[in-house]
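Chain naming follows the written order as A, B, C and D, and within any one chain the residues start at number 1.
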């Protein structure tokens, strides 16, 4: 039985499609882990190609075949191979791959030294044309403590969970752990999954000693990124779930 | 042209369906507002009926017709009428109506007295069998400040945005504003959309003066609900977006 | 009592902040409605300004004051005024305003002519520097029916709910209703909140008569946008909740 | 340094707290896999205990310690152990554990026999008092094809992605794969991550040959669950993302 290939039919509307493909494919992947070698996680994957104006449609199933073939090796080192394969199999000049996932890092509590796992939302967003371009995305939860509230109040200061989202492009390998380190060193306090009482005292006082607006966190993270020679582009977003409001404070700095 | 009514066909599987209907219908509604008379908002509506075992299907379009007919009058006073109409039009013994929406209340900042609008996620969840049963749901954002952190630290105390979700059943009319008032009086501090510096000083110090665990907020809200003679059932959930963790603290008390 | 203005302090890190402000402010607004004059809805608002390197922080409460002052007049005609006011009150060279909301349009069923309200997710995204730039966003749910599935199958064809997101910039006023009209005329079938049996027969057969890939819908919408002289930029995204997969098909075309 | 244990203080409000603990803890877990022995995934974990009226608060960090101690062994066979440990360490009469995660099963396409991974949202919801009670939750995406649309239309029939959520309590071990099998055999068609053209023809015609309302799917799944002697309680929810509407059709059957 021969079934007609509708997608390969000629198209006469004369319109290129910038991106066409699959979105929201959930898939188990194995990432490179700076400390432990490998880490299992679940990815949410988007894959697209440029479709020239002459074709009616792309072949969606081939994207999934590529994901299947690279099973267990979907990570930062293999991304160039996957993009090249996508361009070849889909007969496309440009390919896009977006992988979003939770990543876990073991942290020691500051005083008790008890270990626990912190989760971070991360992503690898890659684009391939003549050359490949890769953006690493890491979202780090921290504590922000308001300098104004501390300054004007006789005691206390409002503080809250804040999220610092960092996007970086780099020449030499930058690890997720490196980005986390930069952010956690530049917030009112970093946060933990597990804290005992002496740890809680420590992070409470640390945050009070380091009051920062979202503006301060964004600028401090940018200063640290600027001093890292491997990184040639970044965008930093800070969003603070203000404890005294029902909306968030936000700051964003992007390298030109 | 006569089109067959497939839904009305006999069914022989002998299984009642507890709830069948439409889910996620977005619709503009006009609510009763304690202070201003009326308030426009957008509802997310679910409507179901009990379907007896003898029928193959329900008539989904009739639910939408009922919503349309009651346009501009979908509110707490009309709910009994809508439920009765649903049972009649769908020929059902039981009917369910769930309406979720954002509700806005004007609040004055504590010192500057500047007014702004606070938003609250609310719901009316109704069920009609021989009698009608109505549950009002109000989710109130507040500040929670940790008593342990305050006690053990030389200065400061971690605090954060917390959400108090209250579900109540009542004999005499209880307003959304009444539930908000109870919750806001029983948290470390209530929160505002707009605060100037003297207000920020006030809420910062107020929260520090009123440290509460999620357990404390839940119990204090329950005490206030218990003393309200109109309310004969409640469930109170407190979820605090801990500023020192990437997970939340949670407490729940439900009247037997 | 004089409280120190921490935000106005000098900053020495020499880093401009591209965007700083408030995010996720829920607020009731009144929009212009092409047919009915006005429409009440609820907005989710983000407001930012550019902060020059010399200042430590912005004044977050002023954003909320601006929203309050323009109460009941937050719509496409007033946006330029709000942006100008933001630049003036925040003493900023650039201002951003993003307003997202549900918008409702009455539609008549194709055969029975019964009226019901369809909901559409929409947005006004504005930026002001030397000149103002406004993007209108409209997300239209439609039916997509797969041409390949129809071609190769002896009977039937898989179809599904798909979302067409259109972003446009324009010289002369373009209404939300105009964008909806373009999209609904260029899908396998448009969809409705309320359909009786003759209507259901009509949309079923219409979709089967108009099979379209996400690629087809994107190209057809682009053709229609290209022929509208008011529109000088667009981006069109089509995302189809494939009924035979657990992931989505996606196409995107953006004008250079 | 001795830090005061505020949580252990006496409380005089005389109110038990039904559930208190941690919510939204993300954690990598290793599940039992019917075919492959083990499967790595990421869990979203909630853990609570009953707090007697005499205590001011629970000790939140102990929940995380329990998760850490059971690392790599958080699965259906270990749940009783974890619950017992929770009651012991928290000195509580009742404990709750809710684990939600994505689960992957390899499926062969119906004609080409190509293999791919399907993802399913699942959960283990456990409660321990004098005895333990365990509920398994599995959400299965399927195709639903409307019997009314097929009957009244000259050609075609609207169909769409639908989600069947099954909750079961059982005496002898029921696997996630068993529940998936029951649901996929009782829908218009099951769905796949990867389908080639002959497969697409097969599932298109299969769905057209098996038209089912949400009511039909719910009843057919219930019939299959009723005939499984291991299962003594169930709840079945079917939600269909109607391709002709912007809202969903819903049916729910729960065993008394």
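One rule holds for everything that comes next: contacts are C-beta pairs under 8 Å (C-beta built on N, C-alpha and C of every residue); 3 or more make two chains touch, one makes a residue touch a chain.
Only a predicted model underlies this, so the values are computations on that prediction, with no experimental measurement involved.
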{"item": "Subunit C on subunit D, rotation in degrees - Cα superposition, rounded to nearest 5", "value": "180"}
{"item": "Listed chain pair C-D, B-D or A-D that repeats interface A-C [over half of contact pairs the same by residue number]", "value": "B-D"}
{"item": "Maximum centroid distance from subunit C, chain identifier (CA atoms)", "value": "D"}
{"item": "Residue-number overlap at the subunit B/subunit C interface, same or different (half cut)", "value": "same"}
{"item": "Centre distance in Å when subunit A and subunit B are each reduced to the mean of their C-alpha atoms", "value": "34"}
{"item": "Centre distance in Å when subunit B and subunit C are each reduced to the mean of their C-alpha atoms", "value": "28"}
{"item": "Inter-centroid spacing, subunit D versus subunit B (mean Cα positions, whole Å)", "value": "25"}
{"item": "Residues within subunit C bordering two or more other chains", "value": "3, 25-26, 119, 148, 152, 193, 195, 197, 201, 246-247"}
{"item": "Contact set on subunit B toward subunit A in their complex", "value": "118-119, 141, 143, 145-146, 148-149, 152-161, 189, 191-193, 195, 197, 200-201, 203-205, 207-208, 241-247"}
{"item": "Contacting residues of subunit D [partner subunit B, same complex]", "value": "3-4, 6-7, 11, 13, 15-26, 46, 48, 51, 56-58, 60, 147-148, 151-152, 213-216, 218-220, 222-223, 239, 246-254"}
{"item": "Complex contacts: residues of subunit C adjacent to subunit B", "value": "1, 3, 5, 25-28, 39-42, 61, 64-65, 68, 102, 104, 114-117, 119, 193-198, 201"}
